[in-house]
């Protein structure tokens, strides 16, 4: 089947750096201001106030976070806000030694999915764990949010600096 | 067509230049609820497949189809995006139904154009990165060059192009969906500031936010769901080359080829005689004229004169863009062609209110993907 | 079955490389040209074109299929791009199938292309933008996070051993040593090599992961009457399926890919498959990470939940095992130019079922195989069942 | 059932700002590399010819987009041609008015079916017409980088008829 494979031309990083291959570069300058809308707007305002909130579906009875104005399972409107706790349980986690653009980290970042107390079972959000020995992190570990001081909160997911072990 | 396909539900939301009260998900949800109510279906039970039309850089999200299923009731169902014009999405749904394995398919398209802070950069990001993008010019230069060539090749006048704007924005005054209605004159258009000469500011459609959802069904299902199905009689789509350096500038080849396919699948021999009205892409005023000619709805070079003489007005012999088109409703990015199709549906149902055409039976909608592309898609609908 | 049978009659691909000199459209042409040549067709025979390609952020071109179109043979033709993230490579032939099965077209050229090397500062950076812009991106997530989170959930649920999972990487990189297009074939790699490789995002290590790759793959799909003329060895599309789960991925049980099961059930039903373990002879599940192959084999109902790792370790999925899995070498070995990698799997099943896979040919003259891809936020399954 | 609550006050309508933070690095490609090298080193323009379709592609292609054949018939074309169409652009990429509007054109090169999209200069907008003969003005060799911008612009050779 070799005849069905085209011998494309392989370049090395050096070929770019040393001018052996011509290339153009471009910054797309793709910038946005995404309307948060009703559900995420409420979520962001809650974060600014130092609390996590969810939405309730009267049909399946689930309390959902991140909040949404519709229940994706029942396809009906969610009908009220529910104040949740800022504590939860680690559903899964990782010890990550690289940044989003693949720069090596000495100390790992610990992303996790955290099931939030007061929301329905399995309702997690993604955040970071800190103030914890990486080797001690376990699935099932109880954690709580560490909030930025109120004056520094802007209405963002980063108004929670990280989650740390509870107690 | 081998198997008959009909539109049995339509929903929309937004259609305003900004929609700060709704996230894109909420915009889509509102349109979907309306379409499903109208069709009398439960998406969690009745829909076999979902198609959304979206481009990553219009959304500001890579792999946008991730964010599609929840607000459409499409969870755990076949869902895919078409990175194309809205009518490409309709065509994808039609093909799925024609296979015989899908009875109800939903098509969605939306725009949150107001959320894009750097729209000209996004369009420039579509250029060939080696031969065109380094010029770093506002992408509408392609429209300016195309308009110039079109005017010279066909003898169309700038004034005739401006007639399109006056017609469409006046039509939009009669359309509660349209946000760009205005009682403007041809002279107002010609007096607006230049963008890429000969193209003027008022000859370029503004942008709108909005969402549109259609429910399509095969014939037996369609008849069971509604007394007034709108039948899809033909679909067609085509591209010219992408290269600026070898495309056809005067004639919109992609529109001609797309229309020929649509007419072939619909069994239409003389489009002008067999079609009653059309909604065609008017992203730029000259595009409506160029497209009418390429679609075979008038002879080459005749669209300008026809328009100036009022032939394509609401009261004319062949109304074009009774909705107001993109010039009157605002350009809805990928959903623009669906907005064209939506008006055809409303007209064929007799639900077009003050802008209702008398007893139309066959309508055509045509969408173009915008600069710098040469992609277009057409659909022919009947009641 | 649908009213029109659809077959694949030709396939071609580029070499998978880390950085190609070719432009994206030149890569697409190389693959498409070879696919047409392989079945002695020309562009005149092609009625429509389907393009599959993943994020525009990789190639760095907005409306990427418009840019690619002339390299895909779409001049003056109907062309459409379907898109389901990483699932696109196996979705593109599904789209090719519905083009032909609709009766609108007799012959469709399906091309998948990805040029990840265009994306700077690192192709992985593009993956930041697949996360929710408001609730997740501010945390600067990367793609490894979600794989690591999913892998950890999977391992924890079933008490899995990383050593068993690492055998997948070893198998695929060894298999790829026989693939003429492969980027990372290695006949001598061992489980120890994988377990000792750099930890990227525990439990994910360097050799658990497929490489960043440039490449393109194309197949030619035809209606039955054309296929019979074009070749005496058509490979039929017997079943197709696809399904999408919620975007709220942090609300899901990550230990089982239910969307893959849904896609598989849809494809099996269409293909009349009631006992997949007996009726599927060869499989190319999506393997961007080694655990994913196992995860997907379970979702495809080819192994019980949590049981694929020990089967892999026992050799069941080797080329000469009971169920050869990723005989091509998969994404881990051949490379992972996202959409092109998925279509490479379809091409592999095509070559295997035609007994044309050379050194990679599995024994026992398989009659039916499947290819599967996965994508988005651990969310989409796409499945094609093919037979002779 | 549509949404049960809505935003009722302007200040409750929030927007989250962000970007798509990757950049692109684009190879010139197999055909483009040779084309741009020839401009850079020799100030000459090359095309590829499809003998089957009788087309000379500029910029050159690796393949014929019409018959899909591999193209390896390279031809030199002169840096002269005619304005096929043109425009006067008034906006920059931020949609702000340019200090001076710029003329841009698609120049169909002599001996080629294709040509180049580029700037026009050394003329007033009112002096430009379709069909006008123009020539490429190359940057000085020391400034050339192997880019389409190694051509500074096109300029008229003769006035409009």
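The first chain written gets the first letter, and so on, giving A, B, C and D; residue counts start at 1 in each chain.
Quick note on the criterion: a contact is a pair of C-beta atoms (placed from the backbone, for glycine too) under 8 Å apart; a residue touches a chain by one contact, two chains touch by 3 or more.
Please read these numbers as outputs of a predicted model, since none were measured by experiment.
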Intersection of the contact lists for chain A and chain B: C, D
Longest centre-to-centre distance from chain A, chain (CA-based): D
Length of the line joining the C-alpha centres of chain C and chain D, rounded to whole Å: 36
Separation of mean Cα positions, chain D and chain A [Å, integer]: 41
Chain B-chain D separation of Cα centroids, rounded to whole Å: 28
Chain D residues counted as touching two or more neighbouring chains: 1-3, 6-7, 13, 15-20, 22-30, 32-33, 36, 65, 93, 147
Multi-partner residues of chain C (at least 2 other chains): 20-23, 33, 57, 60-62, 70, 75, 117, 120-121, 125-129, 132-134, 138, 246, 248
For chain A, residues that touch 2 or more chains besides their own: 9, 11, 21, 24-26, 28-38, 40-41, 44, 68-70, 72, 156
Overall pattern in which the protein chains touch one another (line/ring/star/complete/other): complete
Chain B-touching residues of chain D, taken from the complex the two chains share: 1-3, 6-7, 10, 13, 15, 17-20, 24, 26-29, 32, 36, 55, 57-59, 65, 84-95, 101-102, 104-106, 113-119, 125, 130, 147-149
Chain D residues within the chain A interface of the complex: 1-7, 12-20, 22-28, 30, 32-33, 36-37, 93, 146-147
Residues of chain A touching chain C in the complex: 1-13, 15, 21, 25-26, 28, 32, 34, 36, 40, 43-44, 64, 66, 68, 72, 91-102, 108, 111-113, 122-128, 139, 156-158
Chain C to chain D touching residues, read off their complex: 20-23, 26, 29, 32-33, 36, 42-43, 57, 59-61, 70-71, 73, 75, 117-121, 125-126, 128-129, 133-134, 137-138
In the complex with chain D, residue positions of chain B that touch it: 20-22, 26, 29-30, 33-34, 57, 60, 62, 115, 117-121, 124, 129-132, 134-138, 140-141, 144-149, 152, 193-199, 241, 243-246, 249
